[in-house]
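There are structures below to look over.
Same chain, two partners: subunit A is paired with subunit B first, then with subunit C.
Entry: the complex of A and B
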């Protein structure tokens, strides 16, 4: 793979966005690989976590955005805890996921779908309504019968309710957060 | 009586009902008064922090604000809720802009004056634990998982790779902690629904290691860890079963409470046979 390295790559707008959102300095990383050595889900990833950091350093925006790695991060914080350069790698993965969802560029579909359904439940009832979330997720991820036997067993044990436990909706709060984020995005671009 | 604002979290009224039951039961004995937060709402769990920075702070802030108004420390038995509450507090203190944004959307300012604790910390610091029964002969694998010990800014502990506090609790109840290697490994967490194969592999390895260490039980302090290790156990193709208890249920047994009072019949892998054979029920 041929990589042309110039100021544009090293100071890419994407890297800057990730740094601001995660409050981390990507260039601090000296590629020791400790994050990847401890990652419990590294076996499923297309690029190990240290490679994602390296790709950010090299301005490889498209490759980072196409990678499934950030979406496989379970936020277990092992990398964050062990990094000798004190980079919060899990937060870097969060920042990539936030940007990908805002720009609608996520390479995996099921996790953004799950997030949206989960947060909708919180928006409308203030809490998570499990049966509703699982049902809607199965429907939208085109896997309608997933976990049905487990769900039935849980229901019989009194662990799932067919009605939401409402704490009052949070629609006002969600609306204010969305509006605030829209305004911030506009002012950030003007800067 | 030590008073705390109690944030149970969504799971405690559903998949982790027994965690809520046992928590409320033992806290009375331990001299801890749980003051339920009025209309508490979801902390944002695993979804808000990967979707929106502001949402990830605003959802916990709603609950933190209530506790701050009552001048009460806030406590959650769920490791993930505890972590999200504490991280929102840390982030708002570190980032003035985020704090101003949260103040704007909430309509009031969170000053950051209250202590944020996991239930085990409340019990360890303020609980008056007087066991009525010695849990002799029980071999217990203490499973800490991720968010009870990491990241360091949320959980300052000198032994982050080999924590001891649950093991010490096990000893104080008269049981024996086993030495094992997977006490802080990840169970697969929120991939339970979206990437279930990851949970089967990760949780399966944890269960196998506990088995190899000859543990009778695993104890946990997080509803998601519990449902991955217990409810999904039979999907993993293992040739053994190992019961997974909440640490509050273990305390409850030592305080003399019964199997159903502690909600233990709600587990998928039942612990009754073993407890009976050790004469503990």
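Entry: the complex of A and C
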């Protein structure tokens, strides 16, 4: 594939958004590849982390958006810890996920669904309610019967509870965060 | 009967690890004339040399053979020890059993030992016929010649002059200053080039120890270290330097303005009578005969009419002066690669594809565009500029396999300057590797990318297409694995450095060597980086290899130190191993006269016997280098090379024959 390069691409709005959201300077990267060398999930990625950064540098927005790499990133921060140019790569991946989520352009559906359900569970019970999370995830990812055989076995051995064990809800905290997000000029401007 | 001592060195395990030193010692014992034969771990060490000295004294030896490394390495060391023991230093022969034996025959130890024994035998045979030779001394002319008035030559001249010696600085162009005077800023500190160079140029002009010869070239070089005789051609300036006051009226009024200015890298015109740039030293114009109307048509003479000092002199002619020097510094600098050999960059025919030096002249506020970058095609300010590195560097197919060392940095500098001049511009740099190894260089390149937003693309450009009002640059970025296409307003080629076109000519005048790329060869790449194989001739700057300004200045100062060490000596020792003519045998055929590469043979009428005067060859002892070409070519066997006489060599061959 041939890409067209110019001032427009180099100063793309997408790159600027990522830079502001992650508070990182994408042009600092000199492509040494240390992030990719240590990435524990690199073998599953369509583009290695350094290449995602390179694509950001050259304004290849669509390719970054289509890539599964940011969604596979486990935020283990190995890359962040090792980057010689002190770029927080994990945070850059996070920024890409946020933008994709807001613009509804995520290339994978399941991972954002899981993230949402996980957070909901935390919001209401203060911890993860396994049966609820598994059930809801399987339902929304259109595979409702997936874990039923194993689920029954675990239930019989007393490993799963049908009712959530509440550790006190965190609704107050989530509310404050949402309000803060709303007030924030950054997200206003960007998202 | 000769009394010979044989000393075999182990050189640690270098020799002893392959050659059976005991067997060599044993074999040497039986050779005719050998009184004593022994070995030692390191013969060149202090105890090793003392062993030789003491044995000579105790055994009353008169000749010595050392079986060790090459004569180039330690012959002088052992000559000195033989001399300290009271013998003539030339009663010594070296059998090279390291480079010629142990290092090359480690796979067959028995054969290696045999060869070592044979070499020792040869050396013993030869040393039997050695005769004492007397060292000769020559006076030193305490003056230095510096060829080339760029920053290297300027620095060398200033440093030699500071040591108290007289210097003549010869520059081909009308002014000193060289390439550095063409530059705008210097990386990585962004000092203004002219601001740091001009004071040095003025210092050269004002220094009492320095004589400046601009618009002059070296025409002939004779002689040897300490006593060079150099003919310098002063090209006709057609301006009387004594009368000219440097007012510049002649340049202003000259009607000829079609010639491209070499100083401005051909992006602007100059007059027929011109000074290359305003800060020129000396600030005296020259008339370029080829573009002057008067010389072409016989009419005009405008400059003569307007000159208030009556300095114009159309009758001047080239003048040859002969000067004597003790040392010569070569600092001839570099040319830039001609990019018209690259088809993918438009064969030099696309007007908006320019060289780095042309951009440098544009961006310089003293340049022809007053510091504005303008596209040559339509004079528009460029917005998107593509820089291409390694044009004529690291390209075997173009015969330029070497890295030019400065292009990465000057490209980064120019991209930065462009962004500073035009904040709206966007620069792209195509590179293969970034080589920024100097002090502060890597940080500079990173700053250019992060702070100035210059985008570096790792890859090459495949083609530049000329479109209606822009250039389409197609290439690749291997980091993203994508082919890329850039709509550019201008393309700047980082052309590499190559030796001056006249460099090989000068090398032949001086008898110094040059490598496959045309750069002058230093005596030793690590341990003698400013000397050449011709004693008394030194190198500074880019004529030796591409280098940046800090390295050039450092090398120039190093050269000056070497020149100082040479000129401070009272007199010079000359090797006595030179040719000798036996006039009784000479037929005067002039074979040697024509064969000698150093012009060290003279023909003279000599009275051989009473009343018998013949024209015979004579060796100029101070010029002869002892190469032996004359001896080999002499039909009458009238010439012998001292230290390598026919008798000595026949003795060696005899050893081989009777085995």
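Rule of thumb we're sticking to: the second predicted complex is superposed on the first by the 149 of 191 C-alpha atoms of A that agree within 3 Å, B and C clash if a C-alpha of one lies under 4 Å from a C-alpha of the other, contacts with A are read in each partner's own complex, and residues count from 1 in each chain.
Just so we're on the same page, contacts are C-beta pairs under 8 Å (C-beta built on N, C-alpha and C of every residue); 3 or more make two chains touch, one makes a residue touch a chain.
Computed from a predicted structure; not experimentally measured.
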item: First, second, both or neither for A:54, with subunit B first and subunit C second; value: second
item: First (subunit B), second (subunit C), both or neither touched by A:27; value: second
item: Which superposed partner A:142 touches (first subunit B, second subunit C, both, neither); value: neither
item: Contacts of A:152 with subunit B and subunit C, given as first, second, both or neither; value: neither
item: First, second, both or neither for A:13, with subunit B first and subunit C second; value: neither
item: Partner chain in contact with A:130 - subunit B first, subunit C second, else both or neither; value: first
item: Subunit A residues touched by each partner, larger count belonging to subunit B or subunit C; value: B
item: Partner chain(s) touched by A:4 [first = subunit B, second = subunit C, both, neither]; value: second
item: In the complex, subunit A residues that touch subunit B; value: 21, 23, 40-41, 44, 72, 74-78, 80-81, 88, 90, 93-94, 97-98, 101, 110-111, 114-115, 118-119, 122, 126-128, 130, 134, 137, 141, 146-147, 150, 153-154, 157-161, 165, 167-168, 170, 173-174, 176-177, 180-181, 184
item: Complex interface listing, subunit A residues touching subunit C; value: 1-7, 10-11, 25, 27-28, 30-31, 51, 54-55, 57-58, 60
item: Residues of subunit C defined as touching subunit A within the complex; value: 383-384, 426, 428, 446, 449-450, 453, 455, 457-458, 474, 477, 479-487
item: Interfacial residue positions of subunit B with respect to subunit A in the complex; value: 10, 13-17, 39-42, 44-55, 58-59, 62, 94-95, 101, 104-106, 146-147, 150-152, 160, 185-186, 188-191, 193-196, 198, 202, 231-232, 235, 265-266, 268
